[in-house]
Amino acid sequence: MTAKDQSFFEPISGFDLPRFAGVPTFMRLPYVPPENQRFNEVELGLIGVPWDAGTTNRPGPRHGPRQMRDFSTMIRRINPATGVDPFGLVSCADLGDVGPNPADLNDSMERITRFYQSIVNNKITPMTIGGDHLVSLPVLRALGQREPLGMIHFDSHTDLFKSYFGGYKYTHGTPFRRAIEENLLDPKRVIQIGIRGTMYDGEDIEWGKENGVTIIMVEEFFERGIEDVMEQARDVCGNKPTYCSFDIDFIDPAFAPGTGTPEIGGPNSFEAQKVIRELKGMNLIGADLVEVSPPFDPSGGTAYLGISLVFELMCILAEIIRKNPKK
Amino acid sequence: MTAKDQSFFEPISGFDLPRFAGVPTFMRLPYVPPENQRFNEVELGLIGVPWDAGTTNRPGPRHGPRQMRDFSTMIRRINPATGVDPFGLVSCADLGDVGPNPADLNDSMERITRFYQSIVNNKITPMTIGGDHLVSLPVLRALGQREPLGMIHFDSHTDLFKSYFGGYKYTHGTPFRRAIEENLLDPKRVIQIGIRGTMYDGEDIEWGKENGVTIIMVEEFFERGIEDVMEQARDVCGNKPTYCSFDIDFIDPAFAPGTGTPEIGGPNSFEAQKVIRELKGMNLIGADLVEVSPPFDPSGGTAYLGISLVFELMCILAEIIRKNPKK
Amino acid sequence: MTAKDQSFFEPISGFDLPRFAGVPTFMRLPYVPPENQRFNEVELGLIGVPWDAGTTNRPGPRHGPRQMRDFSTMIRRINPATGVDPFGLVSCADLGDVGPNPADLNDSMERITRFYQSIVNNKITPMTIGGDHLVSLPVLRALGQREPLGMIHFDSHTDLFKSYFGGYKYTHGTPFRRAIEENLLDPKRVIQIGIRGTMYDGEDIEWGKENGVTIIMVEEFFERGIEDVMEQARDVCGNKPTYCSFDIDFIDPAFAPGTGTPEIGGPNSFEAQKVIRELKGMNLIGADLVEVSPPFDPSGGTAYLGISLVFELMCILAEIIRKNPKK
Amino acid sequence: MTAKDQSFFEPISGFDLPRFAGVPTFMRLPYVPPENQRFNEVELGLIGVPWDAGTTNRPGPRHGPRQMRDFSTMIRRINPATGVDPFGLVSCADLGDVGPNPADLNDSMERITRFYQSIVNNKITPMTIGGDHLVSLPVLRALGQREPLGMIHFDSHTDLFKSYFGGYKYTHGTPFRRAIEENLLDPKRVIQIGIRGTMYDGEDIEWGKENGVTIIMVEEFFERGIEDVMEQARDVCGNKPTYCSFDIDFIDPAFAPGTGTPEIGGPNSFEAQKVIRELKGMNLIGADLVEVSPPFDPSGGTAYLGISLVFELMCILAEIIRKNPKK
Amino acid sequence: MTAKDQSFFEPISGFDLPRFAGVPTFMRLPYVPPENQRFNEVELGLIGVPWDAGTTNRPGPRHGPRQMRDFSTMIRRINPATGVDPFGLVSCADLGDVGPNPADLNDSMERITRFYQSIVNNKITPMTIGGDHLVSLPVLRALGQREPLGMIHFDSHTDLFKSYFGGYKYTHGTPFRRAIEENLLDPKRVIQIGIRGTMYDGEDIEWGKENGVTIIMVEEFFERGIEDVMEQARDVCGNKPTYCSFDIDFIDPAFAPGTGTPEIGGPNSFEAQKVIRELKGMNLIGADLVEVSPPFDPSGGTAYLGISLVFELMCILAEIIRKNPKK
Amino acid sequence: MTAKDQSFFEPISGFDLPRFAGVPTFMRLPYVPPENQRFNEVELGLIGVPWDAGTTNRPGPRHGPRQMRDFSTMIRRINPATGVDPFGLVSCADLGDVGPNPADLNDSMERITRFYQSIVNNKITPMTIGGDHLVSLPVLRALGQREPLGMIHFDSHTDLFKSYFGGYKYTHGTPFRRAIEENLLDPKRVIQIGIRGTMYDGEDIEWGKENGVTIIMVEEFFERGIEDVMEQARDVCGNKPTYCSFDIDFIDPAFAPGTGTPEIGGPNSFEAQKVIRELKGMNLIGADLVEVSPPFDPSGGTAYLGISLVFELMCILAEIIRKNPKK
């Protein structure tokens, strides 16, 4: 790839075009949907999945990708803490949104899986921007089809419920139970961090533990500290391919009010940045950030927090790609 | 029914308990769900249907009934323009919400229809508070099962679409096409008033007209004036049983911002009151008010407007019931 | 009074100091409290009465004067419709706020009456900015002490209630019944315009009519038109001293959401301006604008509407003062 | 009590009725006002006191109970940190609101005290949801009538002021001075935690200290840590009957903006949960959570925080009741 | 141009991709900046000018184009009142934003003029989306360079001020005085409609009248009615090339709160649609819609109103282009 | 100075006039602009600089002083942590706003510098309330004209950029580079604390370090702790005259959403108070608090946080002045 090529896959600078100007793609990157001829050059792709059919109480994450595209125009290119410039390391692009069928859940899941299969086929590392947490399931169906993945999961909920409301299997409270059942995730290589919030019955946690999932309640998280917990996370997930799923409700609602199922008593934004920076060295093959729900935060602060964390995840993913570039 | 009985079915006055106090039922009426032994005494029942599974863009009407219950505490008992006191005329109650299955559209429709069949069986006149506009279909399946109904419909959209997004038949844009196809509505006795907003292709309007539906665009509405249009409405619907469906987006978004598909250029709140007052004398057997979406109006003004119009509809319905009381 | 004196009593122009700069007095006028030595030179005085102890449901008008001072910085000096420049006609000033005792209603009323007696003594025409509608009562106790006044009253409520909640006599629903009982107002010279909203029992309207008050419901207002109604208003009030009381809830809540007891179906902002302009020629000796409640409209639009109407009232009052100047 | 009975006093599950559906009682519990025949079966009762007549600056807590009822529908039944299921331990119910007289402070206080006397008579442990902080005084007049109580008090203000604005004795800044003077509280068994915010003169703190009240400023709270301070709290209050009063402004305004007198530099939501969990083992006979003011937080985050802490308090109270059940 | 070509220049339908999905270009049209090889095929181009350096009080219109792009995804393709489908008539595209220099007003004006010269050179009819009203000046410098244009101008202000704050010539209150001085506009063919709001001194109106500008105050507008005024407008502008400039503050702030200098007493949204529809038959060579300021309307209603009116303008422009197509 | 004089320079107490009443000056202090005859008696002056011409993305700080004046009415007189009563120690006043020229950046800077020269001449210690960060430059041109100052700077950005957008030198990202170049600041005595947020290229940090500026990234700040960092700050600044500049975006956006360029991962409000309290003993000759942008936080929480920190700064400054009083 020539220098000229690389510049194609870089963001527009705020010194060239003011941040409030221009059509808002993720991170002001070029828009390179699958039909674009340069699609297969992309190494790190940002994908919006504006879908919340799995939401059982307060809807809205379908509007997340657009608001995060808007706020992403405020992100500059270098990580102040780590010095990483993901856009300098790898070819990045906004791959567009996977268009769901708002009237058919299963059709939507198939559309999403199909999109991610083309991503897998083109060896693009996907950074997914939801959408509610059910989004992770069809993504994992593409990413985890060859072998079960490990997963590091930041959330206030386990999303390991058996079913909802009389047996319904696909909601934003069940994706990872399904993924384990479908052998997309290896439960022994799954760790869930930040769990809290009042519970129905604890059946989800019990099932998780019985199947080998490591669950770190938020009290333990605060007591042991980030370094200690994250060391365990790296141990649990090991060297094999691992996915990272980040639910914005991991963070306290004072910092992230714009989400459907907030739970008080969570980490702050600095702690959120720190856990992501501690992912360094893991064998991540993709990540998602989900559950940003604009209607519940008209100020947009949650979307800005969400996209800021997407940038942190991109820094981690870019370094991993650089070490093992697609050829 | 004794005086004592009647007082059971009346609202708590703001002179007895301040309006900000108390558990908020609709209009501060007694809560009389079907399992309550006095259910069959109710003449005019308010029912919440917190369901928006038919919404194709901006979700939220599932939260409508709760916010309207809250704002209904500001409604007093007498209509200032007509002098009607619906609570003095008939026994009114909050019949509770029909609980949908948020994960299964068809199951939800069946639950709703079943609930309204018990209402029909008990000869209660239903005043429904949605929910999105798909709510009207399962309600009509109960109310219109004996013979097709007439309908007076206030809206900025016809809701006569054939299908949505690759053939999907049940959305908030299709209920009345389904209702006509299912013979629940007699299209020749259906009038739609206030239609406006950019259009996909006009197929809905054409289909409606071909089937005999009377469609009054908003320009015609303003030009001819309310009296003239409403006289036509009474002609179209005739003396046979008629349903009234009121979509809050009939009204201009400056007055009703809290809705999913607003269209500029609509009537104001006084005109909305006036068209309802012109329903006097029609043979209404039920009504609904739908599409109030709280997440898009945190101030609550839209819910207050919605519940104020519910009161106007109750005044009309109460007079009709008084003339033809259930025995 | 010399030219130099006059300029002291004029607003700072936005061409000299940007509108967003400076300590916000009403209309950017000089702050001239009673202890100021030039107090007695003032001809038209703006007074804030930040008090809402009479509010029975949603509190907040105590915060009205401050937000209206803020938005008053956007008002320029000439009326575009009438050409009147009130600041060029008479000496205007911000006389400050009457500090209520938030813990004692009667003490507060006495403080207000005392303040307005000094205004009467100095022959200043008062333009009062509330506060809730109970504010009008202690103001009238000062202005109407010599002889009962006429009143033109814009509102959606009569504020003629006998009492509230077990006999309590002083609330924002009762001031004008008290004022008539106390012989501060001559009911035969009182007209109320815009009345609407659901009613408790209609006792207020009956009492008003029995005592000779003219009550124009909003339906009649719209049907007859502004000119016709206002001609009647001038007839009712006659040539003797008359007060004008303007409750912001006269206007539809789409235009004025920031108020405690909104009622749908009201006039718009242009109609509000127009009724005030039709006050020309009446013998007004003071006016108030009340019930702007900032907590229920964080955008501030209601305060801006309120202070815009205060400007319209000032234009009317200034012309009257100019014709009959204090000597 | 049979199993069937117990289930009457439990919340409706979100798996049976979606959380956005249904008339919102506290925690989706049955509504059991004093006139209900099962009132005396209740062990832990939630009571709303929608009253803010003691508020001296920004009003609004009168609207607190309703918004907290709404958000309480998002609370599930088990505490994730302690495993406690209060609804499984004791019979819980929403006892309704104590209706204040918004126009008479003393009458309101008498109504509240009378209501709580019936609670005492029925041996119900009360969990009160305010309302402003003056609410605690009439509650204590019922609970502390037999002997002075200890109190653990979380707040940014001492609420120990002598009087306000020229001698007025009853405001939300004075309840605990009155309670000590009236011998309802034993000052030596009172501890106040989290005190901060700019001060008028410090007279309140001096008076408190002179009378034996233990006052922990927020700086000391942060420096010593929660465990240490709470150990002291248990020492100070001892084994005798103790009340817990929690003012939402104990918490930093980033987490709890919806309150009348916020003070920056406060604890976060996790620390708030933690101090409540440290109440375990104290002899609590009731608790309140006050000063949630919806008009100053339209997003509702403060109400959600408030009701989440009410759940934490319920867990503590339920365990205490279980150990010493009413017979 | 082949059918295939045309479909390139059409919007994505909400039946194919949900309206909440996808990167938001104006009207979901293709993004065709000047460097795109199909730029010269465009007939009707939408251009954002995110610039508010001319704003003297409340800033924000620089954020207008992005929020209007977002809300434009809710616009469908056919005009319900006129039946026009602009996308079927002419090739439409989003030409992107003209990037201003936020730190240099003159450089920004030159950049804008240069951009519009390329538009003129490519015979594209421009529909401009501001930005504040100063935006119109550099646009007119390109469009009016050959001969002075007529202009139909909807606004509550004349924008004919001489200068601001000590002689500064370029602000959003002065563009059309400059344009007349620079011979870009023929004052005798300029009509301004809707003028209102308090005035500094009236010098702007006097200057306008002296130079032949026709000024219709809002009172006259309401009194004469839309048809009559618009007939005059067509007369004034004549058959020669004419520009249309629409300031969102033409409309009442209840409908359009998101603007920097709102003036009460304005037309509603239906009247705004109607005046645009009356432009039919004029020789329009371009149009702009300016002064939508998102920070002052977080709900976005103003942006939705603005983009809805842009659609109305597009319908008019498309019909004109169709009659005189570029060859 | 006599007792009477001193009381002139003190705030009005909330016990005398309710906090919601009165024209809002900073801290309810007397308004003493330069033309006031007592101007030269002031020791500690609060000055508003409502100017944001240096803002490159989201504008709004021009509205900061007015909203902070409003919220300052909630501040009482004594610091709860330190016991300092600044109003009892020194003569304080609101000196008004420096009126900028909104249309000319250089003229505005000259106006500001001139105003501060009169402050220097009158030996008043200035506490400046912005406005964006460019405000600091013209202030330093007055304060630092005799000798270069030290500076302690709290911010998430260095504001040491060379230029912006093609060479433009004066923006809110460049003031301190200019101040060092103009010899107003001694870079070796400058420390910047809290730096974070994605970066363009790091050139600002490199330049700062090369010139001797001490830069503490937020990660280092959290790791070392406040005491340690602040000890270094006192060392760096030494005993010579030092300025303190506090950008509200130093604090995390959950606490301070109302600012143009928020960066996640920042300190909380308690930490902000604490760093200011650690300034004790430094030789501060003035301070500013900047970048509060009301349009991005309609709730006003950011303004309340800002003015609360201004009070903390006043306590520090008052003690310094008391030790070295002007004679």
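Per-chain residue numbering starts at 1, and chain names A, B, C, D, E and F are given in the order in which the chains are listed.
Following the convention adopted for this analysis, contacts are C-beta pairs under 8 Å (C-beta built on N, C-alpha and C of every residue); 3 or more make two chains touch, one makes a residue touch a chain.
Bear in mind the structure is a predicted one, so any value in this text is a computation, not a measurement.
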State the chain with the largest centre-to-centre distance from chain F, centres being mean CA positions. B
So using the touch definition from the top, which pair is joined by more C-beta contacts, A-B or B-C? B-C
How big is the gap, in whole Å, between where the Cα atoms of chain D centre and where those of chain F centre? 39
Can you list the residues of chain A that touch 2 or more other chains? 16, 18, 20, 56-58, 62-63, 102, 164-166, 252, 254, 268, 296, 298-299
Would you mind giving me the full set of chain pairs in touch? A-B, A-D, A-E, A-F, B-C, B-D, B-E, C-D, C-E, C-F, D-F, E-F
As the complex stands, chain A meets chain D at residues 56-58, 164-166, 195-202, 217-219, 222, 252-254, 257, 261-266, 268, 296-297
Note: in the complex, chain E contacts chain B through residues 13-16, 18-20, 74-81, 83, 252, 254-255, 268-270, 272-273, 299, 301, 304-305, 308-309, 311
Going by the contact rule set out above, which residues of chain C touch chain D in the complex? 52, 56, 58-60, 62-63, 101-104, 107, 164-166, 168, 170-171, 295-296, 298
Residue ranges of chain A touching chain E (in the complex, touch as defined): 16-18, 20-25, 31, 48, 50, 62-63, 65-66, 69-70, 94, 96-100, 102, 298-299
